[in-house]
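Some structures to go through are shown next.
The two complexes that follow have subunit A in common; it is paired with subunit B in the first and with subunit C in the second.
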Partner chain A sequence: MSEEVKTPKLDDLEKGPWPSFVSEIKTAAKTNKMAKDLLGQLEQSYEDKIGHWKHGGIVGVLGYGGGVIGRYSDLPDKFPNVSHFHTVRVNQPAGWYYTSDILRKLCDIWERHGSGLTNMHGSTGDMVLLGTTTDQLESTFQELTAIGFDLGGSGSAVRTPSCCCGQSRCEWACYDTMKLTYDITQHYQDELHRPAFPYKWKFKMSGCPNDCVASIARADISIIGTWRDDIQLVQDEVRNYSKAGLDINRDVVNNCPGKCMDWDGNNLAIENEYCVKCMHCINAMPKALSPGKDRGAAILIGSKAPIMQGAQLSSVLIPFVKLDDEESYKDLYEVFDAIIDLWCEEGKSRERIGEFIRRVGLANFVEAIGLEPTPEMVGAPRDNPYIFYQIEK
Partner chain B sequence: MSETVKKRITDIGPPHYEKFLPPVIKANYGKWKYHEILQPGVMVHVSETNAKLFTVRAASPRLLSIDKIRKFADIADKFSDGFLRFTSRNNVEFLMTDETKIPPLIEDLRSIGHPVGGIGPAISNIVHTQGWVHCHSAATDASGVVKAIMDELIDDFTSMSLPGKLRIAFACCLNMCGAVHCSDIALLGVHRKLPEINHDMLPKTCEIPTLSASCPTAAIRPVTIDGKQTVEVLEEKCMFCANCFTVCPSMKLNNSEFDGLSIWVGGKVSNARTEPRFSKLAIPYLPNNPPRWPEAVEAVKNIVDVWKKNARNFERMGEWIDRIGWPKFFKLTDIPFQKEHIDDFKHAGLTYKTSTHLTQS
Partner chain C sequence: MAESVKVEEVADAMFRIIKEGQGLKKYKATDLQKEMIEKFGADRCNKDLCKKAIRILIESERCVYTYFGGSFIEIPHREAAAND
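This part shows the complex of A and B:
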């Protein structure tokens, strides 16, 4: 690269112990003119205290309606190499596992076709290839598919499903999150690549109620592992934790939301009937306690960030399902498809399923998709007496 | 053309994850029995067959050059048979079976500037959005503020001395890519000035009914100005959500003088002990002060310090505040309570205090 870009403000962010994104951009800028102009434009933003990207446009690859986010500089004369700087979302392997070999192949593609900058990973879970021009999109896509990768979702579509590492590494996983995530992603390929919904739709799979992918806060469908029999308990290991200094009454028993534990200094008793499967005691003593053997998942629905009517957490739709095989996945897809059909028919533009349910009422929604109301669906029954009684004619 | 089209592969989805799993994981998939944290950033998972998988977790700024990813690949070849993964909070993990390789791996990671940590009662990296690096609606940068905060909190990443887990998240506008609204501490970029309407462009770029419908408070009304069909915004109804900008580029909210960020506390997504809940407003506005946002860094540091000093074992930020009450939180952190703290949107009444459970002031 010819002349050096002066970036006094960003240079300050190369100091300090935390790894620096500025150093990453500078590294790429040594050999890539897009990265170099990105650095220049970012310094300009730091100077002006404002972003310099324009509203996205519609760009993409043939036959897909998503996976690429159009991005244009509002200073194209000053930074011509980022005048077009589109993001490519690449669907990550479930659990974000890679080999050195496949990472090198991905890097080679992005060296040929883009800025050489990435996000590992974006908020939804995709590998994000940060910045390229429209004419590079198709070749990037074809080279990605040649090594077995595909684009992720964007717009009013199924967004790239993501999950925790589940049974691949975690003893607490109550179902195979990676297998289900792979299966869901394949099942909804058309809906993922071709936006046809009222708004975005996210699936997130967590193996246990610790919810490491925050599914309860940001997924339209949150599939959270849980169990329905007794916690598995090894008394000797509980005693070992006690001997090692853990205050079992203060730190474990008194923190139990179900108030279903008792520790007499030698034995831990659990009234499993009242356990709410919060995971605290298991988190605190992983060698002594583990989830029961009759494992599955709770299906919750409707969480989202504030846009438009305010943030929501997901709420219980199905308190427990077994997810042991593909047959059980098919039963789930029948429920999801009924929900999506109803939402596509009745939902307003830019209305997430959670807001749709608030508008029509959970009771009406549940009835429309053919489920029976159950007490697990609510924190409490209604406290207002304005009831829309429907006496059968 | 037809040749190219024939060769095109589409709708294949992601590669199957099994291709990228180390042999020890394939052999012990679903058979893991327990795990232990051996030292900050290092854990071992032990299976029913007594197989051991060692994980070393290193910090990442999320924005990575291909140069750095290739370095990670080289390190993986050297220490973990080429196997690695990334976490839901953007850290990188090396997966290995040979315990003796852990110290030299940590040394190699340190030498390229990636400290090891983020497991157990620690801060596990800040999840964040694009900010000025790549987003059109950002009210603040993301990567820069995150870098400045993590430089300050680094010791809480590389050690395990916090009362419980600390999840900090950053979103550069109210669209909130990611789950910042349920974090121990959330930083959220905010606009505070009415949309700047480009009346010349608006009729050409936006559908007025869609634009009006996008406003949660019905503040946007169609009007005719100089013979052009455009819109006006009712000032007293605008809450600066930028929904209108999302559907219409002619409603610009970005403002170099008045944009900034807000700080929210006490949310969580885990079900452990207490139910998942939203973060609540602690500080309504701090200015954009690049490159290091000292006001934001100081505010986060203060909240973390007060929590560290006062919380009990395992108590997350929100659980600690539950116990001591909000008045005490504001007192201990010395954060002024002001008008903006009291909700006035749809579910406002749910946050009013409807009891006399009030602590000593």
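This part shows the complex of A and C:
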């Protein structure tokens, strides 16, 4: 490829011990002219202190309403090779497991049809293929489907569901996150590819309250593994931690948010009915403690990042469900479908489900979807003193 | 329930309002659904029928999905941001 692009501002982003996306783009630029113009345009953006991308809203593949994010350069004469620079979202495998063979095939496809640059993975969870032209979209899609991949979601639709690795590698997983993620992806295919909602809708599945996919902060429906019996406890292992120097009172007991642990120097006692399943003690002493045996998940609703309104965390919708088989999934889908129907009927344009619940009130919402209110649904104690009630005789 | 409207009829009715609204109003899938249920009556037209009608419009390329803050269904056109 012809002479190197001068990028003094971007070069700064290569300093330090961490990997740099600039170094990666420079490597790609040696053989790919899109990557080379991308470097040039990015440097120009830092120089001008303005992004030089225009958002496109129409490009896509036939039949689908999502999966491609249109991007055009607003400096096409100066950087003609990124005049079109669309992003393709590819539905990732549950738990982000790949074979090296399939990764090579994916990269080969992308080098043939796009810039060769990928983002593994985007914050949505999808595999993100960065930069191609409109005329390459259909052929990219054909080749991806031929090796078993599909596009992910974008727009006012179900977004690509994502999960932690769950029972495939983690002993704390309280349900099979990967199986549920696969099932949800299949069940909501139409809603994923054909946007018909007021706004985006994300499902994220975590196997335990450590919530490695941050579902409580990023998903309209967060399905978080939990248990309802006692924490499993091996006293000898607790003693071993103590002997090895762990200050159990300072580092475990005193940090328990349920204030339900006691360590007398020889025995650890847990009042399980006050445990809020925060995972702290289990994380601190993994050989001694583990989640109970009666495992399932809590269903939470309503988190989102701050786009239209401020950020919100999910709050409890169903405190505990068993998720052992496809039958139990069907019960979940009934609840989700009732919520989606209500939101499609009454939700405003660009209103996430969490904002909708805030607007109409939790009590009205649960009544409308036919759920019995439970104390666990209360996200925070009320702070309005002007509510009066009478005790029924 | 009275006899359902034919899906092609719903698709045609949707196409007409999208075309008439072109440049004036963008329609989401839910807007089209509400319009159709109002037009044909809830006893002759429902959400599933509307979903199928939208699919016909998209797969025949009479309409395309677009995204401008939210997702819409429009007549294919050259978008303003596009470079040649």
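Descriptive notes on the structure:
By definition in this document, the second predicted complex is superposed on the first by the 377 of 393 C-alpha atoms of A that agree within 3 Å, B and C clash if a C-alpha of one lies under 4 Å from a C-alpha of the other, contacts with A are read in each partner's own complex, and residues count from 1 in each chain.
Basically, contacts are C-beta pairs under 8 Å (C-beta built on N, C-alpha and C of every residue); 3 or more make two chains touch, one makes a residue touch a chain.
Bear in mind the structure is a predicted one, so any value in this text is a computation, not a measurement.
In the superposition on chain A, contact of A:124 is made with subunit B only, not with subunit C. In the superposed model, B is the one of subunit B and subunit C that contacts more residues of subunit A. In the overlay built on the shared chain, the residue A:154 is in contact with subunit C alone; subunit B does not reach it.
Of the two partner chains, subunit B and subunit C are each touched by A:55. Of the two partner chains placed by the overlay, only subunit C lies in contact with A:198; subunit B stays clear of it. In the superposition on chain A, A:63 contacts both subunit B and subunit C. Once the two complexes are laid over each other on the shared chain, residue contacts for A:83 go to subunit C alone; subunit B is not touched.
In the superposed model, A:168 makes contact with subunit B only, not with subunit C.
Taken together, the two complexes place residues 54-56, 62-64, 190, 349-350 of subunit A in contact with subunit B and also with subunit C. Within the complex, the subunit A residues that touch subunit C are 54-58, 60, 62-66, 70, 72-73, 76, 83-84, 134, 154-157, 190, 194-199, 344-345, 349-350.
Those residues of subunit B that touch subunit A in the complex are listed here as 5, 7-17, 19-21, 25, 29-30, 32-36, 45, 53, 55, 59-70, 72-74, 76-77, 82-88, 90, 92, 95, 113-115, 127, 129-138, 141, 143-144, 147-148, 150-151, 154, 157, 171, 174-182, 210, 213-214, 216, 241, 243, 245-247, 249, 254-257, 259, 269-278, 288, 290-292, 313-314, 345-347. Of all the residues in subunit A, the ones that touch subunit B in their complex are 9-10, 12-13, 15-25, 27-28, 35, 38, 42, 45-46, 48-56, 62-64, 71, 85, 87, 91-104, 106-107, 110-111, 116-124, 130-131, 142, 145-146, 148-150, 162, 164-165, 167-171, 173, 176, 178, 182, 185-186, 189-190, 193, 209-218, 247, 250-251, 255-257, 276-280, 283-284, 286-287, 290, 305-311, 313, 348-350. Across the complex, subunit A is touched by residues 28-30, 33, 51, 54-55, 58-59, 61, 64-71, 76-77, 79, 81-83 of subunit C.
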